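Presented sequentially are two complexes of subunit A, the first with subunit B as partner and the second with subunit C.
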Partner chain A sequence: MATSTPTRDAYAPPPRGSQRKPAPRRQNWRSRLWRFDDKASPYAYIAPFFLVFGAFGLYPLIYTGWIALHRVEMTGMNQMEWVGWENFDKILHDSEFWTAVSNTFVIGVMSTVPQLLVALGLAHLLNYKLRASTFWRTVILTPYATSVASAALVFALVFRADGGLLNWALHFIGLGDTNWANGHWTSKIAISVIVIWRWTGYNTLIYLAAMQAVPSDLYEAASLDGASRWQQFRKVTIPSLRPTILFTIVISTIGSMQLFGEPLLLEGGTLGATGGNENQYETLSVYLYNYGWNLGHLGPAAAVAWAMLALLLLIAAVNWLIGRYVRKSAV
Partner chain B sequence: MRITRTVAGRSRRVAVLATTGLTASALLLTGCSSDDSDSNESSDANGKITLTVADFGQFGYKEAGLFEKYHELHPNITVKEDTTADEKVYYPKLLQQLNSGSGLADVQGLEVGRIKELVDTKADQFADLSKVIDVNEFVSWKEKQATTPDGKVIGAGTDIGPMSLCYNTELFKKAGLPTDRKEVAAKISGGWEDYLKLGEEYKKKAPKGTYFMDSASAMFNAVVSSNAKQYYDESGKPIYKDSPSVQQGWNLAAEAADKKLTQGLAQFSDPWKAALRKSTMATVVCPAWMAGQISVNAGDANKGKWDITTAPGATAANWGGSFLGVPKSGKHVEEATKLVKWLTAPEQQAAVFKAIGSFPSNKGAYDLPDVKNATLPYFNDAPIGQIYADEAKSIPEAILGPKDAAIKDTISTQINNMEQRGTAPDDAWEAATKAIDKVIG
Partner chain C sequence: MTMTSPAKVSEPGLAARSAHRAPKRASRFKPGAGQQLNGGPFAYIALAVVGIGSLLPLYWTLVAASHTQDEVLASTPPFLPGDRLFHNLDAAWNQAHLGKAIVNSVIVSGCITAATLFFCTLAGYAFAKMRFRGRNTLMTGVILTLTIPPQLSVVPLFMMMADLGWGGNLQSVIFPTLVSAFGVFFMRQYLMEALPYELIEAAKIDGANNFRIVLSVVLPVARPAMMVLGMLTFVQAWNDFFWPYLALNQQNPTLQVALGQLSASYTPDTSIVMAGALISTLPLLVVFVIFGKQIVGGIMSGAVKG
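Up next is the complex of A and B:
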């Protein structure tokens, strides 16, 4: 014991009071700086995001709102004339706007639902013991890695009415000669196919990651109880994946709300910018683009942007309510 | 235990690495579009400068080798061309650049359907060319289109589009119609109603799977363009709803669609090009530059089968034609105006005509042998120089409006709906007016 006492003294931190008293003023300043550093640094670390967000996210958002209340033309952007709610009034009374809303919604459902179901199935398959599983997982993400433009252009060739790949293939079974882009439903199917092709792999990997986090003893217990694979999938996998599924639904909804490149490039040119000759596949983003950049009326275009934000918030609220219901019923 | 955790340990780490790597490359692929900001210096110590020309479609300067020639004449000047294929993509970009005052080329191409809007709203950003070029050298109406009320000229005229009629002699022969230029011209001399009558005649004995015309919107455009009053009146008020020329054109288009005289193909689309290759259209309304389009798309197999005659009626029409403007913000405004003057001079316009068939707007070019004696072997040696020069004389001075191009496109879409989908003319007109009201704003 006698030996340990001095050692302990040497290692133990000196009592706080005893050190503070003899400390000079400089020390005091330093510790204050340290405390300031301790409190302020985290803000400094996260500041870049908020600065960038403010400059490229918040400011444009607010400025768009400001423009939406003015009459601004592409040809004279420095001349703004206050018109109040007129732009909103204009688009809300434009039947094309409502066509775009319903198109966006229909294409959104048509692309999201099959996409997520297929992704879930694929993730389930990839979760099995596979040879070269890394390869398959990598391959499944490749469509996501292609740009919208190239994907849409390739699919435009596939869906072309005259000499398109799909019509050529359909020709052999006695079908064909479908003018895909021209029809109200066929054009939406064509666009949904592009979206599904691009995003299924992305969602698959998200599901796969979530599936791997499911404790294996659940499956072991289930299979000991004699549950088939399908039962395991339904009773173990799906319930464990609920939050993930909700997440992918939210992401996909936002994505389909902003659907732009695919419809614009399906036919290209003037027809692409108006979503077909009867606006049959015009989405809200295309409507916005056409109003602002083709027609040069920035006021109504900005109003469309805000209407889209409002719709998204509405959808988010519905999602939240559903999510709450799901969580409650799961318990 | 057949199911559950599949990849373990090392291989999972590989999987994670692979996927993150792939995601990262995906982000790179999608996120980073080309960012090749032009860092080339426009002038160096030796006084050598590079002039940039931004244009759209086909101005023909490259084809005629004019930029190299200019470099030979002025060794210290190199000209670089930046061409956007689609004018509908080019124009919004130009407006954005004018708004921000950056990214503009030293010389910018300006389309005739946009010139009024530019004169109205952006004239102060272009150099005044009135002292550099002689406006009287051009066809009477050309430079007026690019002139502001106080006499500033923002663009020097390049080509014009005097309209004639291209027809497929082989199909005409099969349908029992005359094939001689003069005889065809005589049959349609009464105007566009005669043209439709000829179409009905054609249809009676037409080879299977062929149509009299490619698209009714082209005819509509021709009818409207052969009138001074089109979509706007002199005071700048949109009058398209009551404009006699628009009504006449619309009714004729509706009639053509109703009688199924048209194949209903949007011009310059892929199916339209394919139809030219397969020779399924007997006539195409033919502004000067259209001859080039036909010969390129119909291909060598159809060489000599086509011919050109004057358009229906007595008054000619003008379709298309552009200007070259010099933005004030450029670093070499003076050199750029000199380049523009040179490019729009008779010799150079004649060279472009020879290369790609864009018809000169500079009257001085009409007497040059390259234009005067020009014939087109592809079109049965049609004397195009003569045909177009004659047409050019009777083109009325059109009253332009700021949204001419957009209105024309909107109406074309609806005419296409009548042809292809059988939309009733009244419904199509209602849809057109609704869309145009939005265009005018």
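Up next is the complex of A and C:
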């Protein structure tokens, strides 16, 4: 740092000397200002996050619980009438609610598990020395640039019963037509495909990054011990990736709790708002939307939000228990 | 009181950039998992299949947007782009206020990106390099907020926005996302490594106050990470659907909302809906073609440290 030393000497007097000499009162005022700057600045810098989160995240989250105990209609949001547990009663005795819970769960598993497995395999492939590796990574990530709305609409066209691309292809190889959106399982498959298509590339890159951080000595040691490539993948790569895998599972679980655009737009119109004619692909978010924004009853919609919170906490607890069990049995 | 000479400012910038690249270079010389092994033909075939699967729906959007609805839904669908693209784009433009929607999307995404970059850099710097009481607890709080789905607070949020008189206005979409927990976390991880304490101390000795340090030391060092965070935030804001769909109305939509409404109308014309989808996707595809490498690197660097 040859350049910085003369600069400092030229422009600023040595700091120690300046602290001793000048008038004490002025110095006091200034140093107090400095100290205040040092103390307050960090809080000022993080304040925007906490203000925004408090106002538009935490406060509404708590207020949701209060609204859930009232009758509030979209048409007159200022008139809140206390009804106690009625809204919760209403949704918990609604079979559609339980359909939505199970749909959310089933679609969540159907979209998350294959997605993460494929991502793991793809990351392994991308971790080889490849020509044009950046090109492959970018191509695989491209669906991430597509919005839920566009993706859902294109796949709605692919999965259409008459004139859909997929049925055409099935026809071509001699299989009959499938009414994808109408079936209980086929509609869930269709929605899972949209989710898998959009998010596999993203998870692949996360795994790839973690794989590249695995020290090569581990592989050298493993290959010296005569481990095959598959054994290396299973015994070295997977254990090293465990925290990353856990991270992606958490993120995907939270993401699948929120599925909204995919089911809403699969068929569109009134069918979308109720998740199909038998609610066969209605998720919790769609159920919430239907109650609050389609039917206009905000009270039960808020109750759904709290039910989602309870489910999320349940999932977190199960996750934690499994994690503890795995750790214990590993030792 | 001059703070630092330009030479000094550019020095940390360079240091930061090379620090940002360091993992990549390290991985080239010290190969990880299969890196020492060349990918065989199987790897290329598998990647090509997945790559085609990734791009096919986008190509199909273009094909469907450039034919008539009858042609798209015929028993043998078309496989090459047709000549109705501009006709359909024009129709989509007129039916769904797409012109206004584009302007709205640009405003919303632009404001959110600018605010996120500024606030997240500030907060990330504070969490990475400043000492204050409650720092770790507060950072844990930031990370925990990542796990709260927006669904949990939309009902009161909607009522609040109506009370504020923002119902159906762009502010109701912009304000709740001005700062992101992910952004704070991302900038903190980057600055912890890229910004040496010596630089901050040198600036302090030169008589800079804290905000001055942010402007002349932190921001230049943070620039590469800000580029990445900016692109990720823009993509997310541009594609956001759930809350905008609830908060905005037909007269004042963002692109995604307009697209949702277009498809939910009574007799949606498939080709015109696809033309709308094309309009909403195209800008980001262009960004991807140009900055794909940086976005890929950004997601990967964000993940390694996470």
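Couple of notes before you dig in:
The working rule: the second predicted complex is superposed on the first by the 300 of 331 C-alpha atoms of A that agree within 3 Å, B and C clash if a C-alpha of one lies under 4 Å from a C-alpha of the other, contacts with A are read in each partner's own complex, and residues count from 1 in each chain.
Everything that follows uses one rule, which is that contacts are C-beta pairs under 8 Å (C-beta built on N, C-alpha and C of every residue); 3 or more make two chains touch, one makes a residue touch a chain.
All figures in this text were calculated on a predicted structure; none of them were measured in a lab.
When both complexes are overlaid on chain A, the residue A:A151 reaches subunit C alone and has no touch with subunit B.
By the touch criterion defined above, A:G76 lies against subunit B but remains apart from subunit C after alignment on the C-alpha atoms of chain A. In the superposed model, A:D94 makes contact with subunit B only, not with subunit C. Of the two partner chains, neither subunit B nor subunit C is touched by A:T104.
Applying the stated contact rule after C-alpha superposition, one finds that A:S252 touches neither subunit B nor subunit C. Contact with neither subunit B nor subunit C is seen for A:T283 once the two complexes are overlaid on the shared chain. In the superposed three-chain model, the partner touching more residues of subunit A is C, compared with the other of subunit B and subunit C. In the superposition on chain A, A:A161 makes contact with subunit B only, while subunit C stays out of contact range. When the two structures are aligned on the shared chain, A:T274 is found in touch with subunit B, with no touch to subunit C. In the superposition on chain A, A:L309 makes contact with subunit C only, not with subunit B.
The residues of subunit A shared by its contacts with subunit B and with subunit C are 77, 127-130, 134, 137-138, 141-142, 144-148, 160, 162-163, 205, 212, 216, 219, 229, 232, 269, 293. Partner subunit C is touched in their complex by these residues of subunit A: 3-4, 7-8, 11-12, 15, 34, 37-39, 41-43, 45-46, 48-50, 52-53, 56-57, 59-61, 63-64, 67, 72, 77, 118, 122, 124-130, 134, 136-151, 153-158, 160, 162-163, 165, 168, 197, 201-202, 205-206, 208-216, 219, 229, 232-233, 236-237, 244, 247, 250, 254, 257-258, 260-261, 264-265, 268-269, 272, 284-285, 288-289, 292-293, 298, 301-302, 305-306, 308-309, 312, 316. Touching subunit B in their complex are the following residues of subunit A: 73-78, 94-96, 127-130, 133-134, 137-138, 141-142, 144-148, 160-163, 182, 205, 212, 216, 219-220, 223, 229, 232, 269-271, 273-274, 277-278, 291, 293-297, 300. The part of subunit C that touches subunit A in the complex is made up of residues 1-2, 4-5, 7-8, 23, 27, 30-40, 43-44, 46-47, 50-51, 53-55, 57-58, 60-61, 64, 72-77, 119-120, 122-123, 125-127, 130-132, 135, 138, 141-142, 145, 147-160, 162, 175-176, 178-179, 181, 184, 202, 205-207, 209-211, 214, 235, 238-239, 241-242, 245-246, 255-256, 259-260, 263-266, 268, 270, 273-274, 277-278, 280-281, 284-285, 287-288, 292-293, 295-296, 299-301, 303-304, 306. Interface of subunit B with subunit A (complex): residues 1-7, 11, 14-15, 18-19, 22-23, 25-26, 29-30, 33, 86, 88, 92, 95-96, 99, 117, 120-122, 266, 269-271, 274, 402, 406, 409, 413-414, 416-417, 420-421, 431, 434-435, 438-439, 441.
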